[in-house]
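I have a structure I would like to understand better, so I am pasting it below and will then ask my questions one at a time.
Going in written order, the chains are labelled A, B and C, and every chain counts its residues from 1.
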Amino acid sequence: MTTTSRASGALPPEWQVRLPEFEGPLDLLLHLVRVNEVEITEISVAQICDQFHETLRLMERFNLDVAADYIYEAAQLIFLKSRMLLPRRKTVDGEDAEGDPREELVQRLLEYRRLKEAAQSLAEIHGLRRGVWTRGRQAASFHAEEGVDLGEVSLYDLLGALKTVLVRYDFDHPDAMHLRADTFSVRDQFEALLLRLDPQRPLDLIADLKSRGGRAEVVSAFLAVLEMIRLGLVRLHATGGDILLYRTPKELQRHELEAIRA
Amino acid sequence: MTDRAELEAAIEAVLFVASEPIAPGKLLEVFAERERAAAEEALAAVLERYRAAPERGVFAERVAGGVRLATRPDLSPYLRRIFEVTGRNKLSMAALETLAIVAYRQPVTAPEVQELRGVNSKGVLSTLLEHRLVRLAGRKPVVGKPFLYKTTKEFLAHFGLDSVDELPPLEEFEEMLGVELGPGDPGAGASGEEE
Amino acid sequence: MTDRAELEAAIEAVLFVASEPIAPGKLLEVFAERERAAAEEALAAVLERYRAAPERGVFAERVAGGVRLATRPDLSPYLRRIFEVTGRNKLSMAALETLAIVAYRQPVTAPEVQELRGVNSKGVLSTLLEHRLVRLAGRKPVVGKPFLYKTTKEFLAHFGLDSVDELPPLEEFEEMLGVELGPGDPGAGASGEEE
């Protein structure tokens, strides 16, 4: 057995490779149950809890975003672990009054494993059936009009249609635009600013912010600038009372842009 | 080497999926160079299979320098009978847009719908009346006294709603989709124009 | 009386033109009342003709409560060489998990999906909505009135199911889980753990 000694201690290397593949905290828990070679019903909360936290730490170390769902589950596990440590109340005849505190977790895991099995069988069918082609909509000329089957029209379609109407209306009536509440997303400001930044000429930040329409817009624009500095897209240069923004040669990465949420 | 049966099957599948005539040369490009001769024979066999025959509704024809499968012209009365009926059960995008406007702005008049959609929508409104998705609800006391339209019980039943108050606000829709769909909210439209 | 050959030809033509599965009852409406019995036999004969065979690229299948013609799945590589592939994305595991929940638990709400998966699933649900594999089906009469999700006909057609009853029963999995688990996968053991 050649086990390389690892700083991470409890976790064998293959876990780390698999880290980003988990579909969620329950998936990770199932995985831990599997590697521990125990039954879900025989789960050791203390062990699972420690390994779960260890995995989250690893994820952080690899700079993977530990999503809120994982953190929530981690807190649940700690709570459960503490309950396991408390002496249980007994009824008069010595029976366990509260039942097994693990029960709920066990049920959730069993249920989730069932779902994974179902998803797996759907995946197999999907793989097989992806190769099926039909003639599609070429035969449209025979239809009275192209459209959605009434039986299948859902609220989703209805809202989609409404959206189409409103977008088109706004487009045809530009002066109606000012009726919108002025909300300014950081991302929009970010994109607009990036377009305006000329690599040859610096931008006067204060003057630019002063030219903005309102408080909300100034704040969004300012946050957008901070984001740009963080990403190394611009450099700040303060001279006298002025603050100048210089565009650096660094290219904006797609995922960076996507990470900026309004 | 691909066997003859598979060559034939592949050719039939290609002809079936294609919406326009395919030049035989192009069709044969699906196969490896060294299989082209065999594929050409297979193509001939498939075309032979699709020769017009009394019990066949689909046949292969050479048009526009290519080959395609088509239905026998004399069968078109049958096709019209079924697809025109199915067509009637379809809601066009225009109808769906109009329905959405009535749902969210009710009671609403035809001119108001027209204002929002930018096109005359009377025909579509009468289709929706026919489908019992909208109904007339009196007249608006303005010049011309236009009819007012509202959605029906059938509309609610179809969309699984108890009342029109349950229609999701557009913002909720955007939130549900986790995306921002762009400008506009249901209140931003033509409401300002009303007297 | 329409002769048998023409009945068969008409049925084949209808199946060829239809882009969606057609319910047999609806298909037979193409014919006059008194011909329906004969037409039903003719339909069976056409379906028999379209049974999968090595040299056939197209076959008839029963999906979503209807009949349709489709290509044999294993021929897809040939088709991909000649036609543009659109909308045939592979579904992610997250999408399949969510789809499985909707399929087995329908109607189901987003919070219920989240509870079962342990992760926020709104994004995945909206992807499934876009692909028309699930649809909104009203709201659940509980606090917050969340939307209910169901699977669509497209879901059935894509997965080759006639109805949701054809989904492999979940109890089967339950049974599988009821038995003693084997040693799991041998390679995954936490070998170095206790050192």
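What we mean here is this: a residue touches a chain if its C-beta (ideal position, glycine included) is under 8 Å from a C-beta of that chain, and two chains touch if they have at least 3 such contacts.
Predicted model, so just to flag it, every value in this text is computed and none were measured.
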Closest chain to the centre of mass proxy, which here is the mean CA position: C
Identity of the chain that, by mean CA position, is farthest from subunit B: A
Computed distance of Cα centres, subunit B from subunit A, in Å: 34
Distance from subunit C to subunit B - Cα centre to Cα centre, in angstrom: 20
Between subunit A and subunit C, centroid-to-centroid distance (C-alpha), Å: 28
Junction residues of subunit A - those touching two or more other chains: 133-136, 138-139, 142, 149, 154-155
Residue list for subunit C, restricted to those that touch at least two other chains: 16-18, 69, 71-72, 75, 79, 83, 129, 136-138, 147
In the complex with subunit A, residue positions of subunit C that touch it: 16-20, 68-77, 79, 83, 88, 90-91, 93-94, 96-97, 99-101, 103-104, 116-120, 129, 135-138, 147, 152-153, 158-160, 167-168, 170, 173-174, 176-177, 181, 183-185, 188-193, 195
Contacting residues of subunit B [partner subunit C, same complex]: 3-6, 8-14, 16-18, 22, 26-27, 29-31, 54-58, 69, 71-72, 75, 78-79, 81-83, 85-86, 159-162, 166, 168, 176-179
Complex contact set, residues of subunit A against subunit B: 133-136, 138-139, 142-151, 153-155, 157-159, 161-170, 172, 176-177, 179-180, 185, 262
Subunit A residues touching subunit C - in the complex, by the definition given at the top: 1, 3-4, 6, 10, 12, 14, 23-27, 34-37, 39, 67-69, 73, 108, 110-123, 125-126, 128-140, 142, 149, 152, 154-156
